[in-house]
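You will see subunit A twice below: alongside subunit B first, and alongside subunit C after that.
And now, the complex of A and B:
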């Protein structure tokens, strides 16, 4: 059975269609409710996880980049863990930005009529239509920036998806029925290759999360238990950091071999040489 | 279908057949190995195999053509694609055209044996397969 990942420019529509699709297919639901479980598991605040999914890091708001990346990594690892079980519909957890190259993942983008959304927002908050339009345009800009900073992706790019549905033309129930039908196409069936790709993403996310607990600027790739970690360090700290990474990454279940690539942290070295 | 599974293994790299033939015979399969897709297709014209394992990128005929021709002639045969050039689009195309499974090279003999066991079950002729662990 396959997995479905839904992304929308309207959070409410995302949840409504995600939930309805899961109901039609009898699949599990993977939505923002998962954050509570993740918060408990990692001993972090649920509100901080939700904030990390919505906003970029900011020292003023008490969300330094190091923490921000760690929170996102916790979410990613837990979402991937659950997706590996198959038969899941996932939304509002940014999975469309990190579940890439998985052939049995049907990726859906839901777009809504911006004018309708602005009218609804204006009515709901007793503001002018023009003001509502400005608010939505600002939210959209911030979202594009967030996607870029967090995952280097543009979520509004239709090429990222297998199916794009316009709620201006198709109602939510019909959208859910369309998604449920599309996932039945044989090309979205899981296979040994796609399951392995997902397992590789999961292992990389687990290792990244373990390392980001104490380190920053960590990139991880994995294949069949072999893990490659890339990071930066001062020349004099290279050996120490390599050993620390090997020990931490090696302690993650499923890791057989760890390769570490350390690039020179030229900015820190330049700063040190000026002292 | 006879008691033992008949498998046709097609890969233009001789090492693949050399390595996988004994691995599959260990679980009780009868295996014929081909390095040339044209010769493999000639054999398939004469004999029905339960399972065909084929590489995708080959000269003369690619694995997707093999898949289509096998399923045309023997719709019940399970075709397993193996490739060193695995990509999502190719994987999806293979599944859409009727492949039973798709495996990226390099893989362990147990990975293929596991898929063969799954195919045997789907054919209604389950075989005993216990993973031997990592090679």
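And now, the complex of A and C:
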């Protein structure tokens, strides 16, 4: 009765091992297919959600930072909602970067042999091995940058995971069997406290999503229905923004009390005073 | 049947894991004793080998290449144990790098969270948390520098290992179960080809250990008892290499042929 979060440098391996682990344990699957449901629920394009998960914001590509954070927040809230149901294997939805501090979540990193991946890419696209290696290296750099911008984390840091498995010698099926065994350990059983932590994350994500629909620069923390929102505003807009946040956040189910912390937006204020 | 290397830092619980894995699988446990063997065989004080495997090379070491020699001695002793025993658990620094070239090696890294490590160091040395943290960070830095200087890699890079287990939610006993189970996988079972490779690897390491003091950058490969030596261009000019090589190889069993390949690229499995 736990949750498993799988992250990999190779999307195909991620899906294969995630699916196989879910099959062995009889758990639910939470993969990129969820984006379709999220898109329908929030009335956004599925392609935009997928793009937000892969690339950083760019005005040129029609993905401004405000929208980008909103899309990521929608995904986060929906993933957390489903993870709260337990018995789930989740992959390709960046959950390893925001499901933090949940003791019943087994976090696994899968590493693939970069040489094998380059060879496969070269064969698939009819390009040279060197070109394939360059493409993979670029993708890796972009991914590191994406993780840093989106969640301020380095997903290659082994400290983020309970287990790291290298597929260089270990077969994907064996990796799935190992993960399935690990999740049976007592420490990964959900407890009242760990469930509560997950519920707190979920509520914070729901409030953030509601607020990011119309605002930006929003950080939310929650504890037992008590929500703390931190944002930036000009001095003169402080009261107006506080009221708006309280109203919006208060309308989310499960929120009992909203506390708003406004940091002065000194850069905007300085820019306005120079006008 | 597998060779398992367990890499760890100070107070990562790697030693406890290695001991229990060896006990559970009935494998010999190798760690510091490999230094003793190297010390006896190559007549080098053990303390120099301990420093060679722990401290990052200083400027003088880089000039004299002494550290390379000591590492080559340790590697030769470890490779010989691996070839003779066929199965063992090695724990200590850089086992996964010392045995690069062997196929059936399960490379494991054991990590733990900093708080737990600090608590252990505080208890052992009877010091405050701040001091304990400083000691551990310094030790980690030293190990990182050592591995970077000698092998050009960062020991915390997960891609160097087959399995990285974090002792936190996973206990020592559970980590042991894991490692034993993974070691039982087909890919880590020794075949006759693997055994031959282990014997070749041990021979290459022995030849390198015998030559490294005079030719620090020499590379050695061995395939089915045929030894190929790859000296650097300017080193190869010295005619004494051939003479020394003949001496060395005549003293070692299992070598059928010896060749010197000047100015050609050594293969990946050359030591």
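Before moving on, here are some points about what is shown:
The rule is short, and it goes like this: the second predicted complex is superposed on the first by the 275 of 275 C-alpha atoms of A that agree within 3 Å, B and C clash if a C-alpha of one lies under 4 Å from a C-alpha of the other, contacts with A are read in each partner's own complex, and residues count from 1 in each chain.
Keep in mind that, in the parts below, a contact is a pair of C-beta atoms (placed from the backbone, for glycine too) under 8 Å apart; a residue touches a chain by one contact, two chains touch by 3 or more.
Just so you know, these numbers come straight off a predicted model, no measurement behind them.
On the superposed subunit A, the two partners subunit B and subunit C both fit, without a clash. By the touch criterion defined above, A:111 lies against subunit C but remains apart from subunit B after alignment on the C-alpha atoms of chain A. When both complexes are overlaid on chain A, the residue A:103 reaches subunit B and subunit C alike. Set side by side, subunit B and subunit C differ in how many residues of subunit A they touch, and the one touching more is C. Using the contact criterion defined above for the overlaid structures, shared-chain residue A:185 touches subunit B and also reaches subunit C.
By the touch criterion defined above, A:193 lies against subunit B but remains apart from subunit C after alignment on the C-alpha atoms of chain A.
Once the two complexes are laid on top of each other via chain A, the angle at subunit A between subunit B and subunit C, using C-alpha centres, comes to 80°, given in steps of 10.
Taking the two complexes aligned on chain A, the least Cα distance separating subunit B from subunit C is 5 Å. On subunit A, the surface patch touched by subunit B in one complex and by subunit C in the other comprises residues 103, 185, 187-188.
Residues 86-88, 91-93, 95-96, 98-99, 101-104, 107, 111, 114-115 of subunit B touch subunit A in their complex.
Across the complex, subunit B is touched by residues 101-103, 185-189, 191-194, 196 of subunit A. Against subunit C, the residues of subunit A that register as touching in their complex are 103, 106, 109, 111, 114, 156, 158-159, 161-166, 168-171, 174, 178, 181-182, 185, 187-188. Interface residues of subunit C, counted against subunit A in their complex, comprise 106, 109, 111, 113, 156, 158-159, 161-166, 168-171, 174, 177-178, 181-182, 185, 187-188.
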